[in-house]
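So, here come the structures, one by one.
What follows is chain A paired twice: with chain B in the first complex and chain C in the second.
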Partner chain A sequence: MDIVFDTYRSSLFTAIELGVFFGSIGVVVAPSMIYAAFSLGITLLSIAFVYLLFNADLLAAAQVLVYIGAINVLIVFAIMLVGPAPLLPSRPLAYRLLCFGAASGLCLPLVFASTEGLWNKTKLEIPGEDEIVQIGIGLFDRFLLPFETVSLLLLVALIGAIWIARARPEMKREMPSQDKPLL
Partner chain B sequence: MIDLNHCLVLGACLFCIGLYGLLTADNTVRALMCLELLFNAVNINLLAFSSFLDTVQSRGQIFALFVITIAAAEAAIGLSIVLAVHRARGSSRLSFLTLLRW
Partner chain C sequence: MLQFAPIVPEAILTISLICVCFADLFQTKKVFYKKGWETIWIAALGLLLSIIALVWRLPQPPSLILGGAFAEDSLGIAFRLIIAMGSFICIFLCLDYFQMGGTPAAEFTIFVLASTIGGMLLSGSNDLVLAFVAFECLSLNSYLLAGYTRKDLRSQESAAKYLILGSASSCALAYGFSWLYGLGGGSTSFQEIGFALNQYPSVPFATWIAFLLVFFGIGFKLSAAPFHQWAPDVYEGSPTPSAAFLSVSSKAAGLAIAARLLWVVFSSLQPQAGQIVQLLAILSMLVGNLIAASQSHMKRMLAYSSIGQIGYLLLALSLEHGQGQSSLMLYLGTYVFMNMGAFACTILLSLQIGTDSIRSYAGLFQTKPWICGCLSLCLLSLAGLPPLVGFFGKTYLFWAAWQGQLYIPTIIGVFTSALSLYYYLRVIRIMFTREAKGTLSWQQIALPAHKEISFSLEKKDTPPLLTLTLVLCASTVSLFSFVIGPLTSIVNDLSFFYNDGF
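Moving on to the complex of A and B:
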């Protein structure tokens, strides 16, 4: 029964991993911005399932609520407000190859370091009943100062976002041109 | 069986895909989406370490909560900057973000 459960669990994990992988590739290569946003939603939902497999229920709920419910919806709104980008030539191929080399040059050492024997732990421990209680105690005991600081930062960031995004009548639409200096 | 190596490799791959997208994006909104991928890769690593190595206090989960909060603030600020730039310049291309260059 245990073996059946383990096989079920690991195949589920593989399927979720494929969702994360192809979703993130879709964010990067999707031709239309709105498809990229939907692909980001698939990725975030798959990551929420990864958290569920880690037995981190609170973080899975926070992932769905904050990332999919707030950030992804905000991104979709921004895409709708900004409208389609004009068709302009994309980055040159040499630059993209350089970026690919940089990203894979970071990826390979990371993968080698991750598959080292030091991190070869297979036992996912079942948390106790009071895991969320422990998180709450940690937030209000040991991490009280970062918690309060981050709440202040969130308040300042949201007020600042409203201040930046408000409509200003004196601001003119101005396309950058090559011959005259920008502001 | 889920093991820790596997989760770390997943986080590393997600980070590198997001980094490639961030470097090559020519649309500001796409760059912000790739930034969210980077935050999520970090969160996967934090949660993997938390649930494999520290199940008593779950400190990794607390850190991941902080990261999610910072990501929400970053998304709000970033998208409002996109809207402001779109209003000023009529486009959301990253190469038009030159108001403060000189």
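Moving on to the complex of A and C:
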């Protein structure tokens, strides 16, 4: 199933991409943590619209449910629990320009490569009506091993977080103040 | 069911990881520092079974499973075997070390097992998605291992440093992979990407961007020369068993994915890609061996020496597919035992004299002749002195590089390897000739990291597991040279990476 990029679709696409762009810029430059978290929400929502535009309905729904409904809300909760962070002193302009230059230096080749038509899209498939079936087959075939490895990774990340954060018998002794776990 | 047979070794490790979690949960001893025996044995049993399963899979013909996500070929299996052996030895190193420091060892075995699974999947992965997930599984556990002793500030510092630099390298790797995904026509399989890259009439510049990004990410994991700055600090700060793991298993996994990418995916970039790897190799050999000579801390010295060793291994990697692999595997296989032996001796000595500084090893030969003898054996083998196994590995490697017409890198390799003899011999000379200072027992000087903890361990001068490991490594280092012939023929019989005839 092909997707025709008529003017309607491409203007919609441009608007969504602008949402992704300004949302992600906002995450980095927002003056306070909570604005950055909401910018992240905008980015994630725009990405969900991108999925929708490419017929990946299930992915769009999962993106909204998991990333905005769960993860972003969790981030906002964490910020509320920690309390307002002190405003960082603004970096000098030269430093910011340097960061901007480095970031665009990394991104611009990608833009050029896309406009040059370097990508060949022979293996790309736009999902049709049977999108869910394809995802199911993929999860039990070539993505089975990565999927299981991710669950192992999450298990170990959980154990590691507990290991770093939990008070142990050996830590009952009063610790010097700089001895707090860094991570 | 048959198609899951290639991942049986990883499945065994996963099951033993879950068993370790439960054993830790239900352990009954209330005294925390006595914990760990059960978990150690479960983990060791799992790794042993996994090694047996890998040996069982070794003669199988190459195949792809799970829609091409995982490749089983004997070269990949050899890498997985080396990773599993490194972790097996590392598991035995940790118990005594952590007991003396008053830290439970159960979580350490969990992290080691999980990163071993990550490394083994990385060696067999044939798909960008699996490769990245496995790489992250290996990295995350490495950070946790580096920061394992939470009370130790240096360990925390090294973990934070490693985490930040490691995340940057992971970003580079992910970005490089996304370039590969675009260039390969939207496929994630290594063969299809390699095939698509070969189809371009002239190599697009974007392929070079992808190559450089990917090798930046992997070079960091290997601590090859321009990306090596983290290694000495992390090795020095992290607990010694973690440093041993980082220097062996983690590097073997990085080499495996580097070899597969270089020989399968980037085959259209040869020979220039090989020259870039040679450049890394030359820099690593020079930087590692030159700076190691001025180190006064044993773990820092071993860190720089392992940077030098990765240079030799990269030299074999820069050869073409079919020339370099057997010398690479032979040297890597022997390097595991030499390096693990050196780390085992370092742990044993640091537990007994309470410090890692080389100067404090003075005159130790008079009081601890066996440990010093084993350490000398391992260090001389790392330097590549004739009757020991390191000599044969190195000779074979340099010979293969010479055959591949890498004259200048080979000469630099021989030169730096002669240079390395200086700093290895320096340690040995201090141990054998200097006057012994009044050595204190470990009860008087606790590990610097754990000075605040008063531990009430019964006096045991020779921790049993560590000694066992040491004997295993030292005897392998000295006995392998007698079986180097059969070993070479096994290594020569390893198949190529699965490449589907492209």
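Assume the second predicted complex is superposed on the first by the 138 of 183 C-alpha atoms of A that agree within 3 Å, B and C clash if a C-alpha of one lies under 4 Å from a C-alpha of the other, contacts with A are read in each partner's own complex, and residues count from 1 in each chain.
In this section, a residue touches a chain if its C-beta (ideal position, glycine included) is under 8 Å from a C-beta of that chain, and two chains touch if they have at least 3 such contacts.
Quantities reported herein were computed from a predicted structural model and do not represent experimental measurements.
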item	value
Touching partner for A:Leu152 - first (chain B), second (chain C), both, neither	second
Chain B versus chain C as contact partner of A:Trp119, first or second or both or neither	both
Contacts of A:Leu144 with chain B and chain C, given as first, second, both or neither	second
Common interface residues of chain A - those touching chain B in one complex and chain C in the other	106, 110, 119-124, 143, 146, 150, 153, 157, 160, 164, 168, 171, 173, 175, 181-183
Chain A - residues contacting chain B, complex	6, 9-10, 13, 17, 20-21, 24-25, 27-28, 33, 36-37, 40, 43-44, 47, 50-51, 53-56, 58-59, 62-63, 66-67, 70-71, 74-75, 77-79, 81-82, 85-86, 88, 90-91, 95-96, 99-100, 102-104, 106-107, 110-111, 114-116, 119-125, 127-128, 131, 134-135, 138-139, 143, 146-147, 150, 153-154, 157-158, 160-162, 164-165, 167-168, 171-176, 181-183
Of chain A, residues touching chain C in the complex	106, 109-110, 113, 118-124, 141-146, 149-150, 152-153, 155-157, 159-160, 163-164, 168-171, 173, 175, 178-179, 181-183
Complex contacts: residues of chain B adjacent to chain A	1-21, 23-27, 29-30, 32-34, 36-37, 40, 43-44, 47-48, 50-53, 55-59, 61-62, 64-66, 68-77, 79-84, 86-93, 96, 98-99, 101-102
Residues of chain C defined as touching chain A within the complex	7, 14, 17, 21, 32-33, 66-70, 102-104, 107, 110-111, 114, 117-118, 121, 127, 129-130, 133-134, 136-137, 140-141, 144, 147-148, 150-151, 153, 156-157, 159-160, 163, 175, 179, 182-188, 192, 196, 204, 206, 209, 452-453
